[in-house]
Structure formats: C-alpha cells, structure tokens
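First chain A sits with chain B, and in the next complex the same chain sits with chain C.
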Partner chain A sequence: MNTTFKTDIIGYGLFAALILFVVPWAFAFDGFELNTFARYLTLGMVAMALALSWGYAGVLNLGQAATFGLGSYVMAMHLKLRASASSYNGMPDFMGWTNVEVLPWFWEPFHSLTFTLVAGLALPALVAWLMAVFMFRGRVTGVFVAIITLAFLVALQLVFISEQRYTGGQNGLTGLAPLELFGWRADAYSTSFYYMVAGCLITALALGLAVVRSKVGLILRAIREDANRVRFFGYDVARYETLAFCVSAALAGWAGMLYVLVLEFASPTYMSVPFSLGIVIWCAVGGRESLVAAALGAVVVNMLEGRLSSIFVEGWFLFLGILFIVVVLVMPRGLYGLFSDAVQRLQTVSPRDRGGKVATKATPLSATPAVKEEN
Partner chain B sequence: MDSVLNQVFAGLSMASILLIVALGLAIIYGAMGVINLAHGEFVMLGAYSAWFLQEQFGLGILVALPVIFLMVAVVGWLVERGVVRWLYHRPLDTILATWGIGIVLQQLVRLGIGPESRYVARPEILDGNVILGGLVMANYRIFLIAFSAAVLVGTWYLLTRTEFGTKLRAIIQNKEISECYGIRPERVYALTFAYGAGLAGIAGALITPLVSVTPGMGTYVVVDAFLVVIVGGVGSLIGTAVASGLVGTASAAFSFLLNDTLGRVALLLAIILLIRFRPMGLFPDKVRR
Partner chain C sequence: MKRRSFLKGFTIAGAAGVAGVTGFPGIWTRGNSAYAANGEIPVGVLFSLTGAVAVVESTLRDACMLAIEEINASGGVNGMTLRPYQEDPASDPATFADRARRLVIRDKCVSIFGSYTSASRQAVLPVVEGRDNLYWYPTLYEGRECSRNVMYGGAVPNQQQQEFVPWLKEKFGGRFYLIGNNYVYPREENNVCKIILSQIGGEAVNEEYVPLGHSDFSSVINRIRAAEPDVIFCTLVGDSDVAFARQLHAAGFDPEKMPVASLTRSEVEVKAIGGDAAAGHFSSAPYFMGHKSAENEKFIEAYQRKYGTDQVTHFVSEAAYFQVYQFKAAVEKLAASDISPVNIRNAAVGLSMVAPQGEILIDGNLHTHLWPKIGQWQSDGQAKVIMESKQRIAPEPYWAYEGQACTENGLVRS
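Right, the complex of A and B next:
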C-alpha cells in the first residue's frame, strides 16, 4: 500500500463522513437546504466522472455535459410518462401541442422503471463508446479530442432543441412525477432523499477509486504520461482509453439522472456549452488528479456560486472565468495539488528534525509527477 | 438559376469575412500550436469597437478599420503576454485558458455595454447595387470580397517577404536554432498573436452592417472559421482561402436546403469527421515540419 493510496482512502473516508454526517447536521436537517446541497453532490459526481477520463487517462472531454444530459433526459422521460398516464393516449402534454398523434416508439420502453435505470447508465456509455471507438481507433489525441467532444456536444444540444415534438425543445421536460423506487417515494425535499443522493455519490466514488487503483488505472496513468511507450509495451491504448471514456460517461449519466430528481425537470441547458465548461472548471479547481478532490471542487465552487451570485448576479460568470484562468495558470493541479505539495513538504522536513534515518523516507510522493500533456 | 447565382454570391461574401477570421486563427495555430477559443470574442470586440467609434466619434467603418485593427491587436497582445505565453508547453491548457478568456471578454462586454443588440450603419459610399442580368450584387458585398482578397495578399506578403515573416517561419521550423541566431521568439509570438487578433477585429467590424452586434455573436462565427482552418490545413494560405470559399457556400447551401439548425449540425459533424480522417486538412503543406 503506497502513500497516495493511503491519502486517497483517508480523503474518501473524510469526504463520506462529511456529506453523510456533518452536512445534514450543519443544515439542521432542513429539507430545502439539503436539496440545494444534494444538487451540489450530483454536480460533484459529474466532476468526478470527468476527473476519471481527464485526470487519469489524459482524455480531456469538453463534452461531458452531453452524457450528463442524456442521463437526465432518460430519467425525465420515465417520470414524464408517469405524470401523463391519465392524459390523452398517455402522451406527454407538449406532444399534444405539437400535433404528435401517437407516442413515438423510442418513448415506449421508458414506461418501465428497470429499463430506465439501466438505460440511464447504458445509453450515455453506448454513445461514449461509439465516440471513443471513432476517436481512439484513429489515434486522435490531446486537443483534437477536446474539439471533437465539444463539437459533438453543441450538435447534440441543437438536435434536442430543434426536435421539439419529441424532446420538449427549449422548455425541456417539465411537470414530472416523483420517482417511486421499491415503494419509496422520492421527495426531493426530504432527508431520506438527501441520503439517497449522498449514498449514490459515495458508491460512485468507490467504483471510480476501484478502477483508478486497479491495474487498469495504472495503465491509464501510463497512457497519460506517454501513450507511445505504453503501446510499445504491447498494451492496446485505444481499448484502455475507451474504457475510461465509457465508465466516465456512465457515471455522468448517473449524475444526470439524480440531477433531474433533485431539480424535478430536465432542460437542454444541461447539455449546454457553459454547463460543460462549468464541469471542467470544477474539476480543475478541485484537482483532476484525484476523484475525491474533483467532487469536492464541484461542491466548493457551487457553494461559492450560491453565496456570491446573490450578491452580484451578472458578475458571477465573470468571476468564474477569471478563477478558471488563474487556476489553469497558477495551480494546474488544483486545490489537490496545493494540498499534496504541502503534505510532501511536511514529510520531507519532519525526518530531518528527528535526525538519523533520513534518506529512505524522503520522497514517497514522487509516484505522482505533475500532470503533463503532449500534443 | 438567378436565385442560385444570388445565393452563391451571398455565400461568397460571407466566405470572405470567414476568410479573414480563419486567417487569424490559422496563423495563431500554425505558429504557436495554440487553438484560440477566444477568437470569436476578438471578432465580437471588433464589432463593438466599430459600434463604439461610430456612436462616440461618428467614424464610419471604413475610416475606423485601422483603429479597430490596432485596438483588438492590443487586446490580443495583452492576452498573449498575460496568459498564453505561460502555457506553450501545455497545449491542452491553452484551450482551457483561452476558453476562460473568451468568457471573461464576453461577460465584460455584457456588463459594461449591455446585452442588447447594437447596429452599425453601412458606409454610404458603398450603398447601391451592381446588376448583371439577373444577378444583383450589393456594392458592400463586392467590397468585402475585394477587401478579403487584399488581406490574403497582405498576409502572404507579410509572411514571405518581410523580416518579421522570415523570423516567424524560422521559429516554426526550429525554435531553438532560431534563438541561436538572435531571434526573440517571445516577441515574434506576441506580435503574431496580436496580428491574428487584429484580423479577427477587422472581420468583426466588417460584419456589423450585415448582422446585429451582440456579446455572443463571436461563438457563431468562430465555429465556421474553425472548420475552415481544419479543412484548409495549417500553414497553407491558399488552402485557407479555398476552404473558406467551400465552407461559406456550403454552409449557406445547407441552411438554404435543410434548415438553419440542421445546417449547423451538418457543419459540426463535418468538423468531427475531418479531424478524424484528415487531421492535416485537405491541402496539407508538405514542406513544413
């Protein structure tokens, strides 16, 4: 067990304890406040999903919001169908306004809850798989991956907005029924709902950590540092990149499903460019080299937004842009980088104070060099 | 037949604006390997400068062009000196940083000037049309085509026939050796970035009589310009010129035949496919690198 692994586990444990015990207590179990915080947690989940592909595999996905949005629409379609069970033909109201006669075939399976829950993970993963095979088999790397994913995101959002008959267009899907799971009714403003979201995030983080700390994770980091060398060792680089991309997409889809439950509507803004940029910013602020840090980054930035945007509404986005530039320039490893540097300094200083057996313990953290990208 | 001709002509005039935007983008990418996601905001700044100079000093676009070029070039120079130059060894981060800069610029304009649309008058000298049979050509659009051709020739001259251009090409070929010959890359980079930004500013000013000026206008233009750079390949001026003609008319044709949204989607898919299958562009430059 090396030191980074220990830091990860400790950080993970602290984070879990924080969101499970401290936060509900700090908000005095108030339903409204906990709903707001549950929103931050879902955003933390999608930031963590990005850290998985960007921080570990070096695949910068600027279109993470696309998979997030797909997940959210999957969940919203199910809830919309439940809400419109009593209306004409059991069809959602907006279809009536746009003269759709029968429920489109691709809406049919969303009557089933099981299908919805599976599709919320599988559909984003499938889309990501198609993109990944398309990109990584052709050895597209670095900035070009970023541009392709960004272009895909914009195209997807355009399609969702223009196909108003099937997707609700600019309005998205509103007037949703609450989710019912094993007889439990998801009330977005209840404490049990908060624990459900927190539990999901903790589970997702555990899954992510399991991937990252496995041999696959090691190879992913090797790819990030030098893809060609990994290729020379006989590993199929494209396959590992695809895997990271798909897991990241599935987690983002999961976060999207939760996000719909929290806010009780789905909107095409979930797959907008500013939203996707937001995900990248949260991840960068927290630190892309650590899943927990990325999730924490999302929570912190969004809490800031909650506090600051009430003071200066228009200025928030300006502040976010400046914050982003500063983070990219000055601390590319985010808060996590600052933290781990500090720890490293402490560890290299303290043995000298004790004198004697120094050298062996000196640089345990050198296993994680600063993130480097190559063009 | 006449309507097709008119459509092609309108497409060409948009393509000439696109050419000026794409030239700036291609020069910055070709010289420094920086994908400048703030380029659209430089276009927007140019448009706002045109509006500002007209409101405050009653300057027409044509008179104001050199001023606008300088204003936006200074912004570009500041951006390069302040942010981009720290990131040359981290190409992925330049995307992020320029993206951030784009947001900041857009938001500053939105806060300082306001989100509502502004309008700039067309220069009066260029009112009226030239009519050839069934083809009606607005003088302003003819001027656009001629002007962009002049910009293309000027850029070619700058890159191949001046000391600055020679230095730039030397740096592109081998930065370390150029430094040994006493060329200061950071100075050349800053000027190149400023030149690219200035071109975007000019394009933004020229487009104002045709579209309304809003803080978000740049993002729309820059997607097309991006496609031009990808189609044309980096480092080939002729490639950029041909590509902007292709993209301009194709994008006009797409939105004419399908609808605006599907036209945009087709454009984006074209970008994706081209990056995947022809990453060096359709007219790769065999000499460089």
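Right, the complex of A and C next:
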C-alpha cells in the first residue's frame, strides 16, 4: 500500500460513483441525454487505453484510433448482417450497389455474436501484436514508434475507404440493427444501455488498474524510465512492451464496439488522424500517468467541446486550441499532475516529503516515488 | 517558485471556469415539452463551418440563414418567429450525429436543416428516425433511400440524367467515359447512366474511380485520350473535380469534340477551376445562377447584398434556401399547438411553391419534383442554360431498381 495506489483506488471509486450515480441523476435518467454521455464514456475508454501504453510503458501510440476503428467495424459488421437478413442473399445493401454477387468469406463469421464479441477484442490485439513484434523486437523507440503507428493508421483508413465493396467506403456501415445480448435488446436511448456502457468502462478501468498495479506494471514503469537498465536486469523488454501495446489495443477495440452501439453507425472517420490525435490530447489533458484521469480527461474535453461549439458557433476550434496550448504549457502532466502536486504539497510535513522532492527534481515525465517505494 | 504557483493558481481558476462553461448537465435537460413556445419556433441549422466540406456547407448555411431572416423580417410564420440554433459539426460524421442529437433533444427543434455529404446524412439518420424528427437535406444525392424523416430537396439520379444522357448522345455520340470519386454517389449515378445508355444504344467505354481528394489525373487523361470517348461523364467532387478540369484543359482537350458532362460541377467548383478551363463543358442541375426568373433575381440580389457581390449561388444553396420556405408553408397550415415534426411532414406533402428554379412540389415520398436544366459553362464562370426540361420531373429514388419504389408509405417492394 502506498500513496499512489491509494489515490488510484479513491479516484477510481469516485469516478465509478460519478458515472453510475451522479450523472444519471443529473440527467434525470433521460435516455437521450444519457446517450450523449455514453459517447463521452466510450471516448474515455479509448483515452484510458492510450494512457496504459503511453503513460505507463512510455509507448506513444499515435495510431490508437486504428484499433478503435477495427473494433467498431467488427461490431458494425455483425449488426449490418443482422439488418440485412431479409435482403438479397443476406448481403448488406452497399455490396449490391458495388456489384458484389456473394457475401465475402470474411464477412460470414460475423453472423455469430460470440465470434463478433471475441473478434472485437482479439482482432485489434492481433494487429497490435504484429506491429509490436516488428517495432519492439527491432528496439524501435520514442518518436519512431509514434511515426510508425501514425503511418499504419493512415494506411488502414485508406484501405477501409477504398475497399468500398467490403467496407462501405466513405459512408462506412450505416443502417445497423440493434444489438441483442442474452435476450436484452440494446436501445441506445435507454437507461439500461447507459449502464451497460458505464459498466464496461468501469470493468475496463479495473482491468487496466490490475495490470498497472501488478508486477508487470512495475516493470513497465521501469522500462519507461530506463529500458536499458531493465534489460540488463534480464527482463525481456520487448515482451513487456508488446503486452502493454496489445492490452491497450484490445481495450481500444472494446471502446470501438461500444462507440458503434452509441452512434449506430461505423465510419472511416473513426480511424482518422484528427480523431487519433484527439485521443492523445484528451489523455494529456486528463493526465497520462493515471488511467482514471485519462478517462476523465476525455469526458471533460468532449463535454467542453460540445458546450463551446454551441456558445461560439464560429471559432470554437480556436478556443479549444488555446485551451490545449495552455494545458501543455502550464500543466504538462494534466489535471492529474495538478491534483497530485496539490496532494504532495499538503503532505510536505509528513515523512514522505523526501520522496516528494525527488519526484519534483526529476523530469515531469518521470513519475512518482511509487517505483522506489515498491522496491 | 512564485511564478509557478501563480501559474498553478491560474490553471485552477481556468479549470473552474471550464467547469462553469460546461455547466452542470441537469440544468439544460428540463423545460417545456411543447415545440413552439413563447412565440418562437426552434429550428436547427447544421452545416459545417470548419473542416473539409466547410467551403460548400458554409454557403448552404448562408442561404438557409438568409431565408430564415427574410421570413422573420416579413412577419414570421403565423406571427411566430423562427429561432435558429446553429451548430458546427466540423465535417465529421460522429460530430454530426452528436450535434443533431443536441438540436433535437436539448433545443427541441421541430426540424433541422443540414448537411452536404451522404456520409453526414447517414450519420444523422438514426437520430432523427429515433426521435421522429425531420431533417431537411438540400443536396442532390444517389437515391436508394426512403426515410420518412428526411425531406430531400435535391435531385436524385433519374432527375439529373433522364434527359441529360439522351441529349448528350444525340449531340456528341453514345460512347461515354465514366470517371468519378470512389464512393457511393458516383457509383450509383454511373449505374443509372449505364442503364440509360443501354436503353438508347450507347455504351460506357470505361468506368473509373479515384479516391476522394485525388488530384493527379495525368494517367486518367492518357487513358481518356486512348479511349477516344464522345463524352466524359464526370461525377468527381470538390478538389478532385477542380484538379481534373484544370489538367484536362492544360492537356488541350477540346470541349466541342469531347465535352465533360458533370452532375456535380456547380458555380462553386467553376469559381475554383477558373472560367477559361471550365468554359464549353456541361452540367445538369435543377438550378443555375444564370437561370432567368423573377424569383431567382430576387434570391441572388438578396444573397449578394447580405454576403457580398463576389458570392455565387448554386444548385445546393438554392435548395437550402427554398426548403426553409417549404418549411414555412407547411407550418403555416398548422395551429400553434399542433406544431410537431410529424405534423409538419404531413402538411408538407403535396405542397407546391415557386422557387428560383421554377414551381416545385413535394412528393408523397418526401423528395421534390424539380426542373432539370442543362447548362454550358462560360468563361465568366456562369452557366448558360441551354436546355430546360419541358415538364417537372418526378423524383424516383429507386429508378434503377425494378420492383422497388419509394412511396408515401416508405419503401415498397412488389
């Protein structure tokens, strides 16, 4: 037990209470309002996934939207097939427009819900694993990881747009049927749907916290600080980085599946560069050193974006831009950094003071004394 | 240290301010459930002002706002004023869905006027269908859609091509080279074009698609040169169309022998292409700025007075403009307490009015009966209307698909 862990648990509890009790109450259990908030929560989930690889393992994935998009298309393919059951050959309508005669083989398995749910997590993880093997085995680090992941994202989006016959192209997959899960019909505008999304986020956060609090998490943070030293200790650095990268991808895929349920369509813009960079910004605003803070960052920025854009119809982008510049300049560790500094200041009289000073001397990236204490 | 703590304080204050702007969500959820209250009728205006399609969509916003202001200035609708809620969906489908949801739920709009691309319309569709609201979509599109919650103000393929393709064949010959961007609109238009060609004894010598935003057409131009078609049938949009027209002109193609026949090129694109490169080629549309009518003169005059004399009107902005008047005419038929999206839709069916392009009519299938025209571009950037359809053409969004029809009861399969 140490301060950071306690902060994490308290933050987690507060966040769970916020999205489970406070938010539904504040929206008067209005399903339509909650749908809007459910969208923010799914974006929170993908920001949290990025915090796992970026904040903890130091792997900046600029292409996080790629795995998010894959998850969303997996879900959308299943729902599209359900919606097209009565059409010619059971084929989605856009295939008819592009003169496809039979359902392509890789669409077939998506008739199965179980396969879809598994694939939504496994496919992004598999893709991430392939990338990770090439990157981390080859000891690619830092800015090059960012470039490779970004390039992969652009390529993937291009494929989805140009293979219109199989993916619906620019319009994406629209006209989807609702999801049916154990006899429960997902109505995007119901309170039960909101609780499903909130429950997924809380579960995902718990999983993420379990990873970062385990021994694996400790090694990941050590890798972030000094990969070579960890390597000399005999740890297989690439394997740990790959693990973080894949878990992050699976969580992003999960978020993507939920996003399709919320918005009721899948679009190649889910894999766009601006969206992917947006995830990085949310993560930075919330604070990449904490999973909960990253999720909260996404929720806050998106709410703010929605609010600003209706107050300043023209030029709301400018306000948002200025806000991000201020955040990066003034609080590079995000809201979480602000919060943890405040906590530390309150504790200056406590014996932990020594550890606190060490942390302030180190670079802002380096985290908390937790690593040392747990040793 | 002092400075740091000042900055920290500043940020905390900033964060508090942010929370203030965000507001506590609860306060905007409650309110009157009636649609028209306090003598105001809330309508949503949903066109992108930023992002990739902002150039076109901002002109649609302008035309739509012009109509709203004109209506309010001349006494409103049955004494009530239109209250426009503007949003900027930033050319992004997910943002479109989000903003549409907000207009429908929070602002309680009875209708939304919005969007240019098919992708954004389809993103908004689940929202308006889920809440039984009404979406006024001014753009020409590919058809094959039959929502009871969308008022389609633009042309569908049969309206643009039914007279255009036979006319082209008669004048230039029946060998068409089909070139378009790779998405659903060009593909569907080309499907219709090929059906018409086979009926009248023409043929498509090649059918080619380039990615959206593609701007290097040298190899395409070489293929066109080799194929020697009679007509280049073009469904490129936006930047691609501009690049293609310029490169074709630079390559020395003669519009008299091998004209480009476009379904998408309007005054906006021609302005970007430049009059010289566009001159001599053809477009088919229900409206051109050069169309001569009293209503059009009034429209252009009001538009340029408000937004500047260098601004152009085009076939989508005309629809964005007249759809507000169609909305007004429909609402006028209702008592204030009956104003709701569904009642407005029902009142709008069968409504006839004189738009800048001519007298138009809303069909039971919620599409619009229009007056297709053929325009030839001049070096001053304007189209000369060289042929006008003798009768108003009915919209048939499933024209190319036997046994399917869009009717007042939705999609009917026979």
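Assume the second predicted complex is superposed on the first by the 347 of 375 C-alpha atoms of A that agree within 3 Å, B and C clash if a C-alpha of one lies under 4 Å from a C-alpha of the other, contacts with A are read in each partner's own complex, and residues count from 1 in each chain.
Note that contacts are C-beta pairs under 8 Å (C-beta built on N, C-alpha and C of every residue); 3 or more make two chains touch, one makes a residue touch a chain.
The shown structure was predicted, so the numbers you read here are calculated from the model rather than taken from an experiment.
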Clash or fit (per the criteria above) of chain B with chain C on chain A: fit
Touched partner set for A:Phe317, first chain B, second chain C, both or neither: both
Contacts of A:Phe134 with chain B and chain C, given as first, second, both or neither: first
Which superposed partner A:Ser84 touches (first chain B, second chain C, both, neither): neither
First (chain B), second (chain C), both or neither touched by A:Leu308: second
Chain B versus chain C as contact partner of A:Ser53, first or second or both or neither: neither
Partner chain(s) touched by A:Val300 [first = chain B, second = chain C, both, neither]: second
Partner chain(s) touched by A:Val328 [first = chain B, second = chain C, both, neither]: first
Partner contacting more residues of chain A (chain B vs chain C): C
First (chain B), second (chain C), both or neither touched by A:Phe144: first
Chain B versus chain C as contact partner of A:Thr167, first or second or both or neither: neither
Least Cα gap, in Å, left between chain B and chain C after the two complexes are fitted on chain A: 5
Footprint overlap on chain A, where chain B in one structure and chain C in the other make contact: 158, 161-162, 314, 317
Parts of chain A lying in touch with chain C, wherever the complex brings them together: 23, 25-28, 30, 32-33, 35-37, 39, 93-94, 97-98, 158, 161-162, 164, 169-172, 174-175, 188-189, 263-265, 267, 269-270, 272, 274-275, 300, 303-304, 306-311, 313-314, 316-317, 323, 326, 330-331, 335, 338, 341
Chain B-facing residues of chain A, complex: 60, 62, 134-135, 138, 140, 142-144, 146-148, 151-152, 154-155, 158-159, 161-162, 273, 277, 280, 284, 314-315, 317-318, 320-322, 324-325, 328-329, 332, 372-375
Touch list for chain C against partner chain A, complex: 7-8, 10-12, 14-15, 18, 21-26, 29-30, 49-50, 85-88, 90, 92-94, 97-99, 101-102, 104-106, 117-119, 122-123, 125-126, 130-131, 144, 182-184, 187-188, 191, 211-212
Residues on chain B engaged by chain A in the complex (per definition of touch): 33, 35, 83, 86-87, 90-93, 95-97, 99-104, 107-108, 110-111, 219, 223, 226, 259, 261-262, 264-265, 268-269, 271-272, 275-277, 279
